[in-house]
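First the structure, which I've put down as structure tokens, then a few questions once you've had a look.
Just so it is clear, A, B, C and D label the chains in written order, and each chain counts residues from 1 on its own.
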């Protein structure tokens, strides 16, 4: 039976569509980490193309076919191939994709050296059109921040809390997620761990007390490091701190002065 | 035109349904607080009834009509009326409702005495059937907790963080949400505020340092207070702490030993 | 006692901060609707300013004081005053705010004419700096979409589903949220209601069947209407459809060709 | 250096704690499916034990150590071992765990027979104490429902939508998640897929139109099937439907009449 393809109908409104496609599909994918180990994870994926003003609709199933084909190898080298496959098979000028996924690293506690897995939320997103590829990455790094004002004015203690640093960045040349994570963790009062013993807890408590920082300090410290990294050509940094004296968050944002 | 009422069809499977109705509707409602001020808020509402084995379906629109009628006065006295209206108009033996809403209280900072509104998430839920009314309330109270272990083993500082206490309870006789909130806030290391000045920050930092508590301590302290309250006939307490050395939470739960 | 003001310390890193302030505070506010009725609602608010490279930190409590003062009248005329208060009291060049809140309208069912409240998620956000005010609004409008392809190829029925249209826009001159909502609802297969009787259900089912539309059609139809509106100077439209044959969504996006 | 173990301190309040432990940790785990393939997924985990009235606190790090050890094999045979490890190492009478994770199955479209991965949200939770093991599973199955009333009263079409069925169950003897998923999908108007071509879309549209069902029908149909399954000793079924004429959901719930 031949079924009419309504998506191919001619549209008379003459309006190009910037982005059309699938949103929020979850798919098992395999990524690579710095030690070249394959890591299976689960991505939440958006995939869009532009649509010519003449065309009534795009073909939603082809996006899923493309993810399915590339699911065993999602990394910086294959993303341009995925985007090109989208342009080709959907007959589009520009293709966009956005993968968000948890990325687990074994993390060793500072004193006991016990190891637990720690999850960082990562995101790869980008666009391919006739002008070429424009690819971004982001990673979300939970840390501790200890308030410099609270430490300074209080006779004992200082309020501290869990904060989240999100770094979005573009690169030219090699730059591992692991490097950005380390720079972010080094810009806060202390890193977090999944597995800590009392010796680690003492170490982390004192470390945080010795290095108080506002959200303002976190983004500035990290901006200095990202400015100095040879492969990072653009960045945006957010620090979002679940203040333990408020029920709302403190937030700071710095964007790279380098052009996107 | 007479439209067939499919819901009234006879169902041949002979299976009673425990709960059927509407879920997740948002509605503007008016509640009353301790100072007898009307407070307009926005509730997320579930309303269910049981369904007789003979009946194919319930009438979803009638639930919405009932909320609409009672929206100007949702409080402990009207909830039985709402539940009875559900039983009557939906021809049901048992009726269930569940209202969740933010409840704002003006809160005065401990030293500066400046006032800001602070939101507590509240919930009223209950059931009315031939055996009578069974009504519960809950309130979620964000607080600070400072780790006793960290304080004890560290040469300086102590990790602390935002935690959330959720108290579910049944009452016989008067008991305001405000009373339960105060008991919860008094069971942690320190309360939170929306508006604090430096004098308050010093006070709260030192207060938390002087009263370290684990999630275990929070639920025990609060259990003692709730046990002593003359109107509270049953409770369940959860403390959920966004630990600032981990990326996961510490949790404790105590249930009243009195029967539900 | 004089407490040291650490935020005023001189920062030596010489890095300006783009945005710093408070995030995610919930506050009861009063807004105005087209019929000039005051509507009390609950906003989730972000407020940021830029920070001079010389200054170590901003003053978080002042943001809360400003919301508290203006909470009784948040509308298009007062937002510039709020932003100016932020610039003045935080000694900043640029001020940003972002209010998200549910907005309820009474909505009459198409045949029974019964009325229920319907919630639309709204957002006001903008920036004030030395170049002036740049203010945006957005509204999220849930609708039904019925698939043209499914209708065309199937011998009976057609899959349809709940979809969400989000319109972001800038205006010059008067434009009520209610107007944008009506344009969005008119661009889908059918609008949604909180309270419908069988007569309404028949009407809406047939209306949707008679007006199938892809997400592509929704954004194009609405683009035509927004282009024709005299006060709308820029817009971006998203349609996000919870397809009832997939567990992922179909999505389309059109941005105004007029410059921001 | 010997660090004081505050958790071991004697508590004088004499209040046992029902549950204490870690909440919301994300961990990479490996599960097994019906075809005996290992599937790597990511679990969100809660682990609790009871706490003796004499003891001030539990040892949070030991929970993480136990997950880390068992991460390569989480299935029905190892869960009792994990629970026993919790009892032993935390010196507790009762141990609770709760794992939630996406579970992907390859799913073949009904006509084209193309295959895409489809995610089902699963949950294993249970308790081990001196009375033995009490273990539950749940799976969340997205489906389509087409309204019987809308079909009956409308001259053309019928509103339909994405719905979610959640089945919680206990078993004695073998019962695969895949079996429960199939029973749930067979109780709605039509199943969903990640990858469908036009031939599939026609098939699914007509199948749903030919099998209208209310949320009431879904839970009753599925109750009949679960009652007939030899290994299922208890169940609870929820159907939650994102109605495409409302902005709220229709909901039904049936609980097994067999004792827990």
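Methods note: a contact is a pair of C-beta atoms (placed from the backbone, for glycine too) under 8 Å apart; a residue touches a chain by one contact, two chains touch by 3 or more.
In this text the structure is predicted, and so the values were computed from the model without any measurement.
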What is the graph distance from subunit B to subunit C, where chains are linked when they touch?
1
Per Cα centroids, the chain farthest from subunit B
A
Where in A-D, B-D or B-C does the A-C interface recur, with over half of the contact pairs identical by residue number?
B-D
Taking all residue numbers used at the subunit A/subunit B interface, answer same if over half belong to both copies and different if under half do.
same
Rounded to a whole Å, what is the gap between the Cα centroids of subunit A and subunit D?
28
Using mean CA coordinates as chain centres, what's the gap between subunit C and subunit D in Å?
35
Measure off the straight-line distance from the CA centroid of subunit B to the CA centroid of subunit D, and report it in whole Å.
25
Residues of subunit A that contact two or more other chains, please.
3, 5, 25-26, 119, 149, 153, 194, 196, 198, 202, 246-248
Give the list of subunit A residues in touch with subunit C in this complex.
3-7, 11, 13, 15, 17-26, 46, 48, 51, 56-58, 60, 148-149, 152-153, 214-217, 219-221, 223-224, 240, 246-255
Complex contacts: residues of subunit A adjacent to subunit B:
118-119, 142, 144, 146-147, 149-151, 153-162, 190, 192-194, 196, 198, 200-202, 204-206, 208-210, 242-248
For the subunit B and subunit C complex, residues of the former touching the latter:
1, 3, 5, 25-28, 39-42, 61, 64-65, 68, 71, 102, 104, 114-117, 119, 194-199, 202
